[in-house]
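We just call them A, B and C in the order they show up, numbering each chain from 1.
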Amino acid sequence: MAVFLQSLLSGVLIGGVYALIGIGLTLIFGVMRVINFAQGELVMIGMYCTFFLFKLAGIDPFLSVVLTMPALFVVGAVLQRSLINRVLDALPQNQILLTIGLGLVLSNTAMLVFTSDYRILSTTYSSSSVGLGSIRLSTPLLYSFLITGAITAALYWFLARTDTGHAIRATAQDRDAAQLMGVNVRHMGVLAFGLGSALAGAAGALIAPIYYIYPQVGGAFTLKAFVVVVLGGMGSIVGATLGGVLIGMIESLSALYIASGMKELCVYVIFLLVLLLKPSGLLGKSRT
Amino acid sequence: MRPLLEVRNVSRYFGGVKANEDVTFSVEPGIVLGLIGPNGAGKTTLFNCITGFYPPSRGEILFDGQRINGFPPDKVCKLGMARTWQKVRPLAKLTVLENVVVGALCRTASVSQAKGIALEHLRVVGLEKRAQVLAGGLPIGERKKLELARVLATKPRMILLDEVMGGLNARESEEIIRLILDVKKRGLTQVVIEHDMKAIVRTCDRIVVLSSGEKLAEGTPQEIVNDPRVMTAYLGDSGGAKA
Amino acid sequence: MRALLLWVIPALALALVPLWIQSPYALHIFILLFIAVALGESWNVIGGFAGQYSVGHAAWYGLGAYGAFILLLRKGIPPWFGVWAAVALAVIIALAVGWITFRLRGPYFVLASIAVAEIIRLAALNWKIVTNGAEGILGSDLPPLQIGGTVITDWNSKIPYYYLGLLMAVFCVAVNFVVKRSKLGYYLQAIREDQDAAHSLGIPLTFYKNTALGISAACTALTGSFAAFYVGFIEPQGVFGIDVSIQMVLTCIIGGIGTVTGPLLGAVVLVLLSEWLRASLAQAHLLVYGVLVIAVILLMPDGFVGFIAHRLRKKAAGR
């Protein structure tokens, strides 16, 4: 029983990070209807930033989030203005291919600059754990979950309580109507991509102490983010939050009960099932 | 003579929205039936139900005596009922000729034969000189004619025209009217959704009026034009509007 | 028929190349080119003509590779028979996948295709008894190809692979050529341009999409088998990985989807560029792919061939 609970809770903890990546993706899709296949690469950039801030300046990864997020926001804003903005009216398939190309450029540039060597970021508490009764939870995972919670709460507050947040939600609901109401939808696009990237960067910072860091690590995160978003419903932030946690749990439990190698397989099978049976997701708004 | 199309008590709901409610009418072979009504009356929804894009929530649709509820659009076309679209849908990256060939291939497997049929129909609508132009580059008037040629190439027994004159100027509309009457002479049955009342009166043998999803009235053009309920439906109840 | 000649002459020229060029490296480049052309043309049938962007075609490539390899190494079935069994397997699975995923539109279909390929890859990775898992399978020497008592080749040089590769590439181009002019081609393009309009013109959507997928998967699997025997070693990431799928798509996008020459051009550009850059960029040669696809989508969404065709059309219209 303890093993089950431990696995479940670990899954929830890592699920928080998946949720962060997914929320970024769903925000971008909600506002611009663009499916960002380079989301994982943005996480990868966040991971490397965190790694170097730690190695060169000694800044703890969970603190450097404060630096990584704005940095990735700027990166995202620049990418949006230079590339994404130009394909907003293109075929969705072409948009996807553009972001796939972007992902390739980012990961391969990282390969050139950083080489394919696996980097490891280990802090003093990397392998320590916290005890909760008979359950032990990894300390870095716990920290990352708490920070994820804080970031997500801040995001909810931003979207629900600020004018800009309202403007973003309005653009996501109905671009033309929002524009008629005086919302600068182009700015909203930049904002959404910037925020989505910042969230990806945050996720990168939070998992840097836990995962190997290498240029190709992004791909798996992108795919996982898609599963999260489709599960929760494209465009639904609450959905992505729940979806992330759910995927984390499924992964963790299937590694425990089936086989470690099969956990990804399970996730993809569930993904396919959701796509086929309830494509609007558990909480999603169905869009054509 | 058995009606070619029978719509019996057809209703279509979308969630809580009543798009069509208990609509009944028949179309005799060889006539032109006008389907009119203000925007939002449920005319296009009815077309979509009839041609198989979604099944009616209630009621029956019979084509030449056969119940076609739930038949997919391609099966409906093969049976002999073809439709045009309110917002024209050219196959943009194909040429004008290729567009009509797609229609003609409904009845033949031979591309060369289909090309011959396609050219014929392009001549009928007057687009034969534009055969090699990409459909995406056509102005609206020619797009409408292309769509007409395309459905005619499927050798239908009945065509459903959804606002085929929408967005056209007087001369272009006149050409379409001539084509409708031409097509009627060849024995095709037609149901025409239109807003242009003059065109309706000139082309239609009977008219069915829809309003808020329900059938409001049915009759000859003369009867409908003089029906005060129809005026009210279009203009709203402004207290005793004269017909 | 003039169009046909334009294809036959280069094909014959290519057939004569090994008489002049003997360098194994040069022949190797040609073989890579043939594989890339075959893959591009295979994808074009479903992606270019039908407009269904599958980013999971590595599934069929890998099934072709593993199928033929396993039949040779475990059952001793020579490749020229084994290949067809592998192709049949790929087609059957492809049709099943198509049947369930073709109801999805646009980006959702893309995602589903990726998921399917990943599932098959992970299955190959984990089903160690059959596939040897991540260690992969090392090919053994191929049995000599003989008809009656005469040995045609014992596969010890690149030349038989060159001719087979050429034949395969020509075959895939021919398939595209024939499909484009047939009823199937017209119907697929109609589906691509406007699915609902196509449906209303009497086109049964799933049937035709599946036909395209079947043809595409068959050609892809065939190429996968060939490539596996040529390289001599296969492992899950290399044949089922998303990189393989993406390269197939990029070949067509860059050259021009929906045309017969587009994938050919795209393949030539991509293979030559990445070989040339392999020296300086090594592992990162995919950077080139990324940059090219971004440039093409922003500047010439119809690919090189589409861009040129558009220019020619403008000239002809005298504008």
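Criterion: a contact is a pair of C-beta atoms (placed from the backbone, for glycine too) under 8 Å apart; a residue touches a chain by one contact, two chains touch by 3 or more.
Source: prediction; values computed, not measured.
Taken pairwise by the contact criterion, the protein chains link up end to end in a single open path, with no chain closing the loop. Think of the whole protein's Cα atoms as having one middle point; the chain whose own Cα middle lies nearest to it is C.
Among the remaining chains, the Cα-based centre furthest from that of chain A is the centre of B.
Centroids of chain A and chain C (each the mean of its C-alpha atoms) stand 33 Å apart. Centroids of chain A and chain B (each the mean of its C-alpha atoms) stand 49 Å apart. Chain B and chain C, compared by their mean Cα positions, are separated by 43 Å.
Taken residue by residue, chain A touches two or more other chains at no position, since every residue touches fewer.
Residues 35, 83, 86-87, 90-94, 96-98, 100-106, 108-109, 111-112, 116, 219, 223, 226, 230, 259, 261-262, 264-265, 268-269, 271-272, 275-276, 279 of chain A are the ones touching chain C in the complex.
The part of chain C that touches chain A in the complex is made up of residues 51, 53, 55, 100-101, 103-104, 106-108, 110-112, 114-116, 118-119, 122-123, 125-126, 242, 246, 249-250, 253, 281, 283-287, 289-294, 297-298, 301. Within the complex, the chain B residues that touch chain C are 51, 53, 72-78, 82-83, 85, 89-94, 98, 101-103, 105-106, 109-111, 114, 134, 150-151, 154.
Per the touch definition, chain C reaches chain B in the complex via residues 181-183, 186-187, 189-190, 192-194, 196-205, 258, 313.
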